[in-house]
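Look for chain A in each of the two complexes below; its partner is chain B in the first and chain C in the second.
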Partner chain A sequence: MKVIQIDKNDWNRGIDASRKAYHLFGPVTDNNQSMFKQLAPDQYPDMEKPDTIMSPKSVLFPQTEKLLGATLDPTAENHHIMERPETDYSPRAVIGIRPYDARAVALVKLNFDTPEYRDPYWCDAYAATTFVGLAVNQPSVTDFSTAMGSGPFAEEGLDALLVDAGDLYLAKVLTPKGEAFFSAAGFDTVADTDESLEKIEQLKNKAETAMGPLAVFTDKLAQKSILDLHGAPFWEDLAFTCINCGTCTFVCPTCWCFDIQDETKGNSAARFRNWDTCMSPLFTKHGSGHNPRGEKTQRVRQRFMHKLKYFLDKYDSGTMCVGCGRCVEKCPVNIDIRQVCNKMNSYEPQK
Partner chain B sequence: MDNPYRPYPVRIDEIEIATEDKSLKTFKFVFLNEEDGEKFSHRAGQFAELSIPGKGEIPIGIASSPTEKGFVKFTVFKTGVVTSYLHNMKVGDIMGIRGPLGNSYPWDKLEGKNLVIIGGGFAFTTLRASIVYMLDPANRSKFGKIDVVYGARSPGMLLYRDELFEWERRDDINMHITVDGTDDPTWGYNVGFVPTIVEQKAPKASPETYAIVCGPPIMIKFTQPALEKLGYGDEQIIMSLENRMKCGIGMCGRCNIGKELVCKDGPVFTLKELNRTPREY
Partner chain C sequence: MNAYTEKIRELSSNLLREGKVDLVIGFKQGTVPMATVPAIARTPEEAATFVWDANCSLNLANYLTNRTEKIGIIAKGCDSRNIVNHIVENKISREQLYIIGVPCTGMVDKPSIRALFDLEITQFKEEGETLLVKTLENELKIDKQDYLRANCRTCMHRNPVIHDVLVAEPVVEQTLEDPFKDVKAIEQMDDDQRWNHFETLLDGCIRCYACRNACPLCYCPTCFVDESNPQWVGKGQDPSDVRTFHFLRAYHCAGRCTDCGACEEACPMDIRVRDFTRKLVKDSLEIYGWEAGLTLDQRPPLDTFKPDDPDAFIK
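Take a look at the complex of A and B:
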């Protein structure tokens, strides 16, 4: 384990140096929305405000992405033959991603990189990306990441972890990709390993203590039966206030559901995929009109069952929630996944 | 498929109006590139995405049997934007096919068994593929008795009529054709809904008999108890489901029933498997 020491006065210089080798993405505020975006040549990641409203999932999975294109001009030799457009997959680095968001990338990978099919768009973007995380020294009140397999200093899915230690960052180098990024940035001052790891541990303990004791429990979810939970009586009450706005799914770093739509402009056809949401009644409506999840209660149940039970049963990799707290904070009617999780975890069907 | 979203380019080779109200047409496609045709190696029960550049994609069961070489066939109901556009296309037009997708009927397990094939409406497509596959001279001896219960709204809505009546004349397959209703006095076959005809005409269960059911959700719902009355166990009832799909490869997240994805883990499930999942289909 190598730890690099970065004087904050040198930070912008290193960021500029790294631009020669990487497209940079980082937390920025744009139209009053804090989100991860590709940085302009003169823009720096806002390391003071990395708790973005929108997660960095769009770096690998854009909200709208062109999958295929074709010419419809009948005189062209290749007319109506769909091909993948040229996309720049040169190295990119996500600076300041929070540990819970990095765990989300690792979970989403289970969907897009499977033994049967590989989503080439997501996988190519993933292969090109270096994740330089920033530990959470002061967790927000809605951060429950420690309960969901992550935590303020967790390292899963990261190539490097920056820890804000006052005037400097202590950077844990976790993978060769992380090593290459610091090399490109010119950050090469190796810190005293024992001393810096001790400092990091102190900050970690302080952050975890500030989060308080675990209040969200998942330990019994695996033993529950899908049918028992699906038939539980609490879904109607939970869904009562839901307005199916879909905000929870859009701000969620692990929600990956998408729609595919075609567009035609002149003689040019394109196929796009767009983020979609299980909160929409159209999401599952058949061409015949039959809709297996036509009622909002069924859709609310689907969202929580997918995250907290189906995913867990399918992949044995914990729940599909990393505890970032965005959906709790942004839900306009105060539906709280922490309460739902505890209800599901403690549910015992009536005999 | 290196890129599972990229369809193989195909040319429409034949179009046949399949029903009297012209709402169903059968399209025969040939692959523009011979090697794509060789890669497209399917099993009866699988589906594919028919892909029209600029219009969209639709998942449709493959109607041709793996034993029919050099082309692939689909019967398409005109119902939405993509299917309406497809119905207006002509022989020679270029479009795409993505697949084959999903699992299939479990042919390894079904060899040596008696089969009851139950279908309704235009969901008969993959069952047509299965019947042609089983009746192929190279395959017929691999299967025991074959019974088919197939129903449509009216005589004019029966798919693959020529083949149906050709199978009817064969002595190695028992056909039970039915219609919901008809005012045709010459109609010499069954009248009644599929579940009723199943109860009346399908063979009683034995350990060596399996039932394959494919049809609209309402038909599936009422056929299940009819088969149970005949003694079929949950592992002997094999169903092919339809759920709303987009990607067809298990990634877009909309066709799940419980933790199963209809497009990838299905569309074929045994009733035993379905009994372990929420009834969201």
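Take a look at the complex of A and C:
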């Protein structure tokens, strides 16, 4: 394990140097809204406010993405033939991604990159991307990532992990991609490994202690029967409260659902995909008019069952929730997945 | 426990105990600071967990649409006006409702309270009109009236306009020199400025539709933005489609919007969507002398027809 130390005074200079080799993405605050965006040539990632409203999932999976395009001009040789647009997949780096969001990328990969099917758009973007994480020294009140297979200093899905140690960053180099990024940035001061790992360990313990003891439990979810959980009585009351907006799924780093739309304008035709949400009644509406999830209760149940049960059963990689807390924070009616998870985990059907 | 909470619990529990209603709709305490949860109580015990504070900002009339039970509902001024709308628009009947009215002294504007601190808020407490807000490193006492939501600052109907019982004596209504300063400021912009204003306003919209879904007026079984056959509007992030959603939704609320602020409250991106509906509130008042949700005897101006209409085109 190599640890690099970066004086914060050198940070912007290194970021600028890295722009020659990478398109940079990072947390920025625009119009009072913090989110991950591609950085303008003179823009730096806001490392003081990396807990963004929206997760960085849009770097690999934009909310609206053109999949195919065609011309409808009958005189053109290739008219009506759909083709994949030219997209720039030269190296990108996401700076300041939080460990829970990096785990989310790893989970989303299970869906977009499978032996049977490979989503070329997501996978090409993924292959081009280097993830330079930032450990969470001060977890927010809604962060429960330690309960969901991640944690404030977790490394899964990252190419490097920066740890804010006051005047400097201690950077754990985790993969060759991470190594390449630091060399492009000119960050090459190797730190004393033992000493810096100890410092990192201290900060990690401090962050985990601040989060308090685990209060969300997932240990029994795997043994529960889907049908029992389906029939549990608590969905009704949750569904009453839920206004069925898509906020929880749009802010979620692991929600991957999309809807495909064709649009034409003059002679140009395009096929797009847009984020979709299982909270919308249209999500499951069949061409026949039948809707298997026509009732709000069914839709609310779907979201939690997918996150906490179906995914777990299908991939055996933990829950599909990484505990980032965004949905808890942003749900307009404060439906709290931590409580729902505990209810599901402890649910015993009445015999 | 504040006096309102106590009274709400007592009245709702009694209603359920006496079997006068099947359920009561109110607010419960949330799991994070400054959050409340709209919830249903079917038993007196459940009703005993209701709360009332300056974060009960959502509009409970939203939960009445097409319900068939006999319902008790907690309603502040704006909620009561949307209940009137619901009754006038046949979404619920007056006989089904037992309205527990709450004379309101305003709800707080969360974004501006959050903006006071660098760190996130870890505790929020209300002591009368004083708010005690804490972060990990800081603690402030602020006056609630300085941090009201924009719609509460211009609200002229803090007392419920319709109710079966009140939880307290009516409060004094505000008198305002000019409730529409904000709208006039936009009206006075030139075309470019106004275009820029609305462009910037919608910049961060993620089309989650929380604004629409929190609004009691938006009860259509299939919203025009969701309709797929025919499809009226594109579903992506193209700015023209995002604008179309907001413009059309605002017009569907014309003459019906009570300026309750639930739309803004629900928006995860803190977008001030009332900039659209406020103009229509002002126009309704100026053109038709109409304020939404004040009377059970009249339909809103844009869905009525008068034989003596001064405009010829309608005849």
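As a working rule, the second predicted complex is superposed on the first by the 351 of 351 C-alpha atoms of A that agree within 3 Å, B and C clash if a C-alpha of one lies under 4 Å from a C-alpha of the other, contacts with A are read in each partner's own complex, and residues count from 1 in each chain.
We adopt the following convention: a contact is a pair of C-beta atoms (placed from the backbone, for glycine too) under 8 Å apart; a residue touches a chain by one contact, two chains touch by 3 or more.
These figures come from a predicted structure and were not determined experimentally.
Engineer: Using the overlay on chain A, decide if chain B and chain C clash or can fit next to each other.
Structural biologist: When both complexes are placed onto chain A, chain B and chain C end up side by side without any clash.
Engineer: Of the two partners chain B and chain C, which one touches more residues belonging to chain A?
Structural biologist: Looking at chain B versus chain C, the one contacting more residues of chain A is B.
Engineer: Who does A:263 touch here: chain B (first), chain C (second), both, or neither?
Structural biologist: In the superposed model, A:263 contacts both chain B and chain C.
Engineer: Using only C-alpha centres after the superposition, what angle do chain B and chain C make about chain A, to the nearest 10 degrees?
Structural biologist: Value: 90 degrees, nearest 10.
Engineer: In the superposed arrangement, which partner chain does A:250 touch: chain B (first), chain C (second), both, or neither?
Structural biologist: second
Engineer: Kindly classify A:293 by the partners it touches after superposition: chain B alone (first), chain C alone (second), both, or neither?
Structural biologist: First partner only, chain B.
Engineer: With both complexes superposed on chain A, which partner does A:167 reach: first (chain B), second (chain C), both or neither?
Structural biologist: neither
Engineer: In the overlaid three-chain picture, which partner chain does A:306 touch, first (chain B) or second (chain C), both, or neither?
Structural biologist: A:306 contacts chain B only, not chain C.
Engineer: Applying the document's definition of touch, where does A:316 land relative to chain B and chain C: first, second, both, or neither?
Structural biologist: Touch partners of A:316: none, neither chain B nor chain C.
Engineer: Please indicate which partner A:241 is in contact with in the superposed arrangement: first for chain B, second for chain C, both, or neither.
Structural biologist: Second partner only.
Engineer: In the overlaid three-chain picture, find the nearest pair of C-alpha atoms across chain B and chain C and give that distance in Å.
Structural biologist: Value for chain B versus chain C, nearest C-alpha atoms: 6 Å.
Engineer: Quick check on the output: what are the common chain A residues between the chain B footprint and the chain C footprint?
Structural biologist: 259, 261, 263, 285
Engineer: Flag every residue of chain A that touches chain C in the complex, lowest number first.
Structural biologist: Chain A reaches chain C through residues 30-33, 35, 53-54, 63-64, 138, 140-142, 237, 240-241, 243-247, 250-251, 259, 261, 263, 272, 274, 277, 280-282, 285, 328-330, 332-336, 338-339.
Engineer: Could you please specify the touching residues of chain B with respect to chain A in the complex?
Structural biologist: 1-7, 9, 32, 51-58, 77, 79-80, 83, 93-96, 216-217, 242-244, 246-247, 249-259, 264, 276-278, 280-281
Engineer: Okay, in this complex, where on chain A does chain B touch?
Structural biologist: 67-68, 70, 72, 79-84, 111-112, 114, 116-120, 226-227, 230, 256-264, 269-271, 273, 276, 278, 283-288, 290, 292-293, 298, 302, 305-306, 309-311, 313-314
Engineer: In the complex of these two chains, what residues of chain C are touching chain A?
Structural biologist: Going by the criterion above, the answer is residues 30-33, 35-40, 58, 62-63, 111, 115, 119-120, 122, 136, 200, 203-204, 206, 208-210, 212-214, 222, 226, 228, 234-238, 265-270.
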